[in-house]
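Look for chain A in each of the two complexes below; its partner is chain B in the first and chain C in the second.
Right, the complex of A and B next:
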């Protein structure tokens, strides 16, 4: 009887250790988030702002009440899609930073449904299909260049982003332009809009599409043979090829699925975010949604469930930033939010961040000893 | 279509070549040592911003260029420490630099007054040399000489050989007594400095203003130039000129009175050419074996 006690305690401890190991990715994300917020605070302080007041406004604007929560979730919805675009390709071993361009093209495709009439519901579905196909089509270019010519996807996707941007500028200015308002496209009719979920807020039913897509990606990557092949190819392409996996197929598949995600992101912005339901010239609503998605993907550890949580955080940053930029006598501009995002991603790039604090302290102590010893050595040399 | 038009186009191309070639030359040095820095775009952007700030604060263009260079070196240093001693993923760190630069420059421009645009006063811009061809920035000559120096450094000096060894076979370099991580940090810091100089050139010596999109993909075009060059700085110079030419051609077509094509399509030209050139260059070139892989001692 007495022997059971310590044994059980030991087993409990072992379990605790396993739980901690499982949580450590989440801990790293939180730590990176804190580092990003600290860097942001330092920059605000240097430019003469009060970081505490700014973050207080941001936090209240992001999660201060049900309206704030709704707008944070609404801002997070497009980020879920673009984050999944990045993550699917990263799981397949590629850095697809083309969500930005695919999103523009998807949004334009969604707006084209305003040119014809369909019954409510069906109209929405047609718009989503258009956007998904358009996003996938735009991701086909980098995929083909990679497969046939070996062009690195970082270079090709960025070039496709710029081409998409000017193509969409053209479409907005000449093809889809609203005859009554030259600075925007024709608006998507109510039959093709996502209905608003909570009246008076920006939150629409698009949130369910985002969650469904995230769960679909999770199921596909972790519970199907195809998903296993994609992840294996990303984990070790050589081993995967010897194992009989068709790498070309996994590359193409992950690019196309990523493109579908980015296209849906564009649709969720123009069909699901009140009040414009159109693309405004200069693309202010679409700009940077693709790049922010990469930050969401990394903080979410490239896992669909993590991405949903991270999108809530980044959606909150965006929604709170909108409140922050009008708060107080010396409001902090919205751009601060992106500074914080960049710092978070930089911090996420350091896998040993969690272990760095003790290591840095040790290094500093070593340095101190070195400096203490130096005069002694010089005396000895004399 | 007279000769003056063509000379004009050539002159603008030489100016557009500078930031691409500077960033590409620095990146060639960095990639030779084994680090792949996709944060060039962000370094160009921040370099342009702090270069303009520095020039105005110090009242002259040279300090502005030097500050751009210094900040570029600092970012390159941070990136390389993350990628070596801290064993971070280089791609993610580079993406982080780009995101940070997007926010930082947009934020900084708001602090300077008008959001999104800041004009650099004429007095603190780098003077242009008056030649029969028109006014030419002295930075063009720096840009023409640097790749030659880089070529000599990489191929004719011992330090260049050490750099190649760290990129090609870090284990062997380590056994030979070379500090792999330190070599990589030095190379990438230098690369960052050149990209920062290229950025500062854009605001202080060429365009004369800072916008939040002043880099306009040039950092990635520089990466494409590096792919095209196969890590040969002389080909990097040629590539920089080709890309500079197509950027200028786009600007030039836009100023034509007849407007043959909508401007949006003209703007796509440099990016389409980049894709074509890169997809043509692959297969011909070979990159260091350990490029992009953090070095760990067994």
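Right, the complex of A and C next:
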């Protein structure tokens, strides 16, 4: 009974090793977070602010009560979607930074439902479908360019972000403009809004959509054959192709699914965040939600469950950060709050950035090859 | 390091009588115009009445409502001031949720018993600028005066209506003094933007090509583009002062571009609006409703020497210009103003006095229909 065979002992060791490696991501995150907080505290101290009080305000403003929790969750909802956009494509081996543009397009598509009337509920669903399709449509451009012409997705998604930005500027100013309030678009009617979940807060039913979408992505990527193919293609495209996986299919699928996510992010902002329910000229509510999603994805280790937790953390930083501005005898101005947030986010993203190093290098090499290709062509032409 | 952090510096706080919060637009501080003036006015009032003031900025438009809620929830603020009409939506919701909290908003009307809505009679100062522009055009023999506006919203109708009335008044005055009947047209463009500086430049260039004596900026930051077009025009023509002129808005913008082209600014004193709101709370006269500030209340005005001195100081404090710029700007500004005869400046003062004593009333417009009626009355060369 007490005798432990060599095989069994080995298995035990392996189990312990697994437990440790399984724990390490959480441990790493906590450690990175502490380092970030410390750096932020040092910055505030140097500039003459009281870090303890500021962090107390941050914590209280983020998770100090039901109102604060609701605010933090509400701020995290759009980030869940855009983080998933980035992660799905990263898992498939691509650097998709197009969530920002797809989000704008999705938001505009959602606003168009204000032009017709439908019964409550159905109107909301139609808006979501519009936004999802529009987001997917916008991701189709970079996907097709990559598949047919080999255009690197980093370049094409950046371009498409700018096109989306100015297209949406135009739509907001000339097509969807509210004639009585020219600084914004027509407002989405109550029949197509996410109902507010807790009265007096920003939290709406959109949170359920975000969680459902995250779970769906998790199930798809880790529990279906298609998901396995996507991840295999991302892990090692050559081996995957050798194994009979259709890389073009996985690229297209991950781009489209990412686009759906980003489109829904746009919808969750304009249909789920009071009080305006419209796009304001200059897109101040949408700006950077896509890029912030990338940071959320990295802190969440590019895993849907991790992303849900990371989004809650980011939402907390957002909701609590604003409270730092008006707490205590020497409140921290917004600019300083953002510097501190930046330090925390950077520290938390470092472990995953290091892990993504091979993928990052691959992407950079792809870009390098792209720029090297041009002189070759010219030499050939001569 | 930790030991250092563990020693929070507890500043000895003097006993303050109350607290006010000022919530700024997404533009934030540093615009040397709207937001900075809102801050300045609240800050001055807080110091004069011994209050504690905090300033809240918004990273995005989605922060307006949460920030107002967070402030109101503390129940510690005697007054929360919202600077800018973009905060209107958020405030109407927050005012309903917190009926016992006193709010004030600049430039927008929120219909709630606990909100003091402060608006300005921009038509009055625009009339002064219009009269000045029309007389300058007639004096220098230019066929037109220009106006570059932002998005076509009711607030901007106040400017257009006042400017039209002022031009008409100025042309009549010019005829009365000189005996000639000048023919000066109004050129105006609604650019549809409050942020696209290039649109301001393009609109100004088109107006200068049609012989505009100057351009009145009614689109905030587009003025930078307006002024750029005017400066380039002067460079190409080899002139340093004189027409075409730049007419600033909201803040005193005469000092911009070294003071060479800014003839006068139609000032909208957001700082006085904020000061008025704080004062009303301190004196116990605060009540919901609309407060309209015009020339008589000092809420609007045309820039004078003292305003320029104050605003250059404001720019130096803000770091956008240095102390060494002070005298060169004053000298340039004086030389530019000297390109018009004294009687024109006196005529502008006469119009101002007339508006102040009520003998002259400047029309205004709040709807498209009212605006069209004014356009029909003061056609100024347009069909």
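Couple of notes before you dig in:
Throughout what follows, the second predicted complex is superposed on the first by the 290 of 382 C-alpha atoms of A that agree within 3 Å, B and C clash if a C-alpha of one lies under 4 Å from a C-alpha of the other, contacts with A are read in each partner's own complex, and residues count from 1 in each chain.
In this section, contacts are C-beta pairs under 8 Å (C-beta built on N, C-alpha and C of every residue); 3 or more make two chains touch, one makes a residue touch a chain.
What you see is a predicted model; the values in this text were computed from it and never measured.
In the superposition on chain A, A:61 makes contact with chain C only, while chain B stays out of contact range. Residue contacts after overlaying the shared chain place A:269 against chain C, while chain B stays out of touching range. Residue contacts after overlaying the shared chain place A:152 against chain B, while chain C stays out of touching range. Once the two complexes are laid over each other on the shared chain, residue contacts for A:202 go to chain C alone; chain B is not touched.
Legend: residue contacts after superposition of the two complexes on their common chain; A:51 is shown touching chain C, with no touch to chain B. Contacts of A:333 after superposition: both chain B and chain C are touched.
Of the two partner chains placed by superposition, only chain C is touched by A:285; chain B is not. With both structures placed on the common chain, the touch criterion links A:42 to chain C but leaves chain B unconnected. In the superposed model, A:170 lies in contact with chain B only, and not with chain C.
Overlap of the chain B and chain C interfaces on chain A: residues 173-174, 288, 333, 335, 338. If you check the complex, the residues on chain A that touch chain C are 38, 41-42, 45, 48, 50-53, 61, 67, 71, 173-174, 181-183, 200, 202, 269, 273-276, 280-282, 284-285, 287-288, 319, 322-323, 325-326, 329-331, 333-335, 338. On chain B, the positions that touch chain A within their shared complex are 38, 78, 82, 86-93, 95-104, 106-107, 110-111, 115, 216-217, 220, 223-224, 227, 262, 264-265, 267-268, 271-272, 274-275, 278-280, 282-283. Against chain A, the residues of chain C that register as touching in their complex are 1, 4-6, 8-11, 13, 21, 26, 28, 54-63, 65-67, 69-71, 73-74, 85-86, 89-90, 92-93, 97, 151-153, 192-195. Within the complex formed with chain B, the chain A residues making contact are 43, 47, 95, 97, 145, 149-152, 154-156, 158-160, 162-163, 166-167, 169-170, 173-174, 288, 291-292, 294-295, 298, 333, 335-353, 356.
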